[in-house]
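Okay, so chain A shows up in both of these, paired with chain B first and chain C after.
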Partner chain A sequence: MTANMAATIPGQSARKYDLGFARWVYENIEGGDKLSMCMQCGVCSGSCPLGTEMDYGPRKLFMMVRAGMKDAVLKANTMYNCTSCYSCVVRCPRGVPVQYILQDLGRAAARMGYQEAKTTDNARFAKAFIWSTRKFGRTDERLFTFKYYLSFGLGEAIKKAMANMSIAIKLVKTKRMHLGMPHRIKGTKDLNAILAKAAEIEKREQGI
Partner chain B sequence: MGKKYTYYPGCSSESSGSHLDVSLRAVAPKLGIELEDLNDWNCCGASVAHVEAGALPASALSARNLANARAQGNQDVLTACAACYLKTHHTNEKIRDKPGFKEKINEALGAAGQSYDGDLHVRHACEVIVNDVGLDKIKEQVTNPLEGLKVAGYVGCQTVRPFAGTEGGGDYDTYEDPEFLDDFIRSTGAEAVEFDSKTACCGGAIALMSPDRTLGLIKKILDEAKEKEADCIATPCPLCQQNVEMYQAAVNKEYGTDFQIPVVFYSQLMAVAFGMDVNKDACLDRNFISADVIAQKARK
Partner chain C sequence: MAPNSQTILVVGGGIAGISAAIEAAEAGADVVLLERSPTLGGRVAGLNRYFPKLCHPTCGLEINYQRIKKNKNIKLFTMAQVATVEGQAGNYKVTVKTTPRHVNAKCTACGACSEAATSEIPNPFNYGLDTVKAAYLPHEMAFPMRYVIDGSVVGTPEGDAIKSSCKYDAVDLEEKEKTFDLTVGAIIWATGWKPYDAARIEPYSYSESPDIITNVEMERLAAHNGPTKGQIVRPSDGEPARKVALIQCAGSRDTNHLPYCSAICCLGSLKHAAFVRQQYDDSQVDIYYIDIRAHDKLEAFYQKVKADSGIHFIKSKPGSIVVGEDGRPTVCGEDTLGRDIYANAYDIVVLATGMEPCSAREYRVPVEVEMDDYGFIVPKTGNGSGIFSAGVAQGPNDVSTSVQTATAAALRAIQAVRG
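Moving on to the complex of A and B:
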């Protein structure tokens, strides 16, 4: 069922269609099985707070999935402008869990090696965030934020840190940023064993 | 002695959202809520972990917390953070209801000799206040009503979406026009202004990674609060509080506005109205846009 078939429409060069892509999404993306229910009403796109920043709103993106436009879907910035507000999820008249699908599609794009997915602010931010979770078991807002800034290079990191210095000072003064060692859990070893096992299971199931 | 809940404070309780944690712990006993901290709790992953770690590992973060909570014994896990609630509740529901999910999660938990079968109830603090405590109990505790204080109740997203209207989520309010926060505000003696932006999005984590994309969203919320002449904005969500307060200076710089609107948690309003210490309990000194107006309006 997952055989990749390339098809082109006469007169439309360079647009590649992967007819197995929709099937893969239905079977492997969380909520993907509901995607075939989409009736293209556009409530999701109309409800989206950052829809204006997106290459394609969710409605259009879902049609592209069904049309097999794998590359265009996985190169789109749509997934990285989802704020997880869940307006689309509660409003969709066909019960399509739009946010879940976008989130999983973004991750699939990164795993499949799409550069667009790997270099987004979201990907850098998530990498720094999960670093803190793995290392301390908790989010250290100070350290992960600086690690995120560092992903842009040292010069840029210093620039970003300086630009946000007045906020950091206010947070420290109002006891909303502490100056000591990171808060850490006792079970970081257990947590990492659980995370590694979960990643292994997911890889086994999704094949990416 | 009230009902006992296993309390999951979440990472923001130790940093940018510490005033939610401290003020909630202060008012909880007065509302008959007994909080017992979740043992060795870890980060829930919020809306972010998934992107790098994947769906199942992101759920496994919550599953470890749930396994720890199961060992503690209380039936209900309470959290006040929107993201912690959403991720933990969702994982719990999937473990209980989604075919094959429990087996996968338990295979992962097994790597640390743990297991969990989905029989706990994960609840948001606001839902607990609505369903277990009740508005009358809030009103009973008010000694210093916040008369004349105009408050814009800003619910945000994940506190109500996508679970407030579900049976598992306590079915305590609607998605489009939730009223619980206005009810809390009125119970403290304050006035809840009509606030159409109550469920608008502040940008969430995108506001932290690329504020340029989300300043416009925050401005819309501030615009309406100002138009409605609100003395302050009150919210249940740590990230909403942080974004709408922290980025006001950036909004002012970008749009030439002069917003200076305090953004507080509902629990801070309650602590002041309950006559508790305005700094030690209500944490008004943890707001960096001064929220002293709340203490000033409280009838002595």
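Moving on to the complex of A and C:
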């Protein structure tokens, strides 16, 4: 009865409930074991500078985890709006590492192939960031920003780049951004070997 | 081995200490009652009205003061605290340290010294919301009914003026700190609590605005003998506080502050909502809460408050309180029933800060006592020991529970000293 309750409420679509989802989160998501401490007080969502941008906010998302709303949780935009300011972690009265949980839920969603997770701004930005890291061992602001813009398509990328030109000029003038060849570290090969090893360990730990 | 001393020492003269002392004394035991401040009454004396029956504290305290006056078994020392304790049940050697009051028993509380005084000190009874003359009566329900002269005027021309103003030779500016020894059979720690320091809850900006106050300060604002003579106004400009926010669990149930529920704050805030609504017909009170814990018989009071259309309950622990551009405190957070992100401005914001046992931080009990993780003293320390606790020293208790624990402690102490 309970699983189909939502379908009978007018104006609401049927929701899929995975009753094992909460346990899976407790056991597999970083900080997830502390999620059961949440008392739904709202301090996290109320402290969040991007709280109004999120579809659910951490408090509601955690309740949805408990309710087993796996799909709705992993399709949420809440995780990708987190800027890791840690206000929620610092203020949570029950010691729930809110930011850690959001971060890892977002990664889990991407890993599981949820399209929403792959097309968010954050995911695009992270991809461009890691591209620059792998290639130069550093973040080259110009190239990695443009790489990020390119994920929206060439026309959109040029539009975005032009819109930010005045900021770029100011950055160059104040020596916060350089012109010329990208700076590289000496051992990009070694760095990539380290990153590959890290990915291998991660896969092993997640049993993939 | 028969106990050497049958005297019971009660440390702390708040409602729990007073009750324990009287109960033991009326059962025939010899009792010494110590109080650190100049008067009995403790935190209860500072309330406007108190549960369970919303009496003025004058009522309960007056009855107890009469019982103390009539009982020859109680010896009372104010401005006195325990320095050291040695020995075991039946034979504790206790050293007591007294701080000078500079006023002796000849005082008739006529008030001439206060008129002669010119300097002012922060008024501890009103939590520093106003000042008081350097020669002062702690409050109108002081017991003993005797003035106090602040040490700051000793050796000044003002001090001499105060001394010569007294017709009864009651002023003694030469009085020094003293110690004396007691031998007692059992000790009841009724050292009480202090309000959790609201400034430590940084996101709530207590230090940033005079209009962000604590619940104990609200009691003083509402009390006829408080700094505003009972007018609930904004401390910043004295304007009526018609729109008021009450913030529950400010520091309680929070692993960053006090991890436990302080038990009294929900009903305290419901009472404050009623104070504001009684004072201003057009007032609005918003109570921000995680869940309301109105226990026992007092659920009825909660229902009554809930029925008032001027009082709103918002299920949310605010994320922050900021001072808005117009200077008014603004409460920010998420309404957990609708997921609205709100920012609401108020005339005053009252933080329902919790109770921290004095034994946790401020005052170290100078003898081995068993404490819980939060610094509360367990009711009875070990077998065959003569160390007991009562009131909020024992746990976050309201007044009636404190009195019950005091009676229990009195009985345990009597059993300990009589063997």
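Methods note: the second predicted complex is superposed on the first by the 193 of 208 C-alpha atoms of A that agree within 3 Å, B and C clash if a C-alpha of one lies under 4 Å from a C-alpha of the other, contacts with A are read in each partner's own complex, and residues count from 1 in each chain.
To be clear about the criterion, contacts are C-beta pairs under 8 Å (C-beta built on N, C-alpha and C of every residue); 3 or more make two chains touch, one makes a residue touch a chain.
This one's a predicted model, so the numbers in the text were calculated from it and none came from an experiment.
Contact comparison for chain A: of chain B and chain C, B touches the greater number of residues. Once chain A of one complex is fitted onto chain A of the other, the partner contacts of A:V43 are limited to chain C, with no touch recorded for chain B.
In the overlay built on the shared chain, the residue A:A110 is in contact with chain B alone; chain C does not reach it.
Shared-chain residue A:R59: touches chain C; no touch with chain B. When the two structures are aligned on the shared chain, A:A193 is found in touch with chain B, with no touch to chain C. Of the two partner chains placed by superposition, A:S151 touches none, neither chain B nor chain C. By the document's definition of touching, both partners, chain B and chain C, reach A:S87.
In the superposed pair of complexes, A:I185 makes contact with chain B only, with no contact to chain C. Once chain A of one complex is fitted onto chain A of the other, the partner contacts of A:G51 are limited to chain C, with no touch recorded for chain B. Within chain A, the residues touching chain B in one complex and chain C in the other are 87, 90-91.
Residues of chain C touching chain A in their complex: 203, 249, 253-257, 290, 315-320, 332-336, 339, 341. Touching chain C in their complex are the following residues of chain A: 39-48, 51-52, 56-57, 59-60, 87, 90-91, 93-95. Against chain A, the residues of chain B that register as touching in their complex are 11-12, 14-19, 40-43, 45-57, 59-61, 63-64, 104-105, 107-114, 157-158, 161-162, 165, 175, 199-201, 203-206, 208-210, 213-214, 217, 246, 249, 285-288. Interface residues of chain A, counted against chain B in their complex, comprise 30, 49-50, 53, 81, 83-87, 89-91, 103-104, 106-107, 110-111, 121-127, 129-130, 132-133, 137-142, 145, 148, 166-167, 170-171, 173-178, 183, 185-187, 189-191, 193-199, 201-202, 205.
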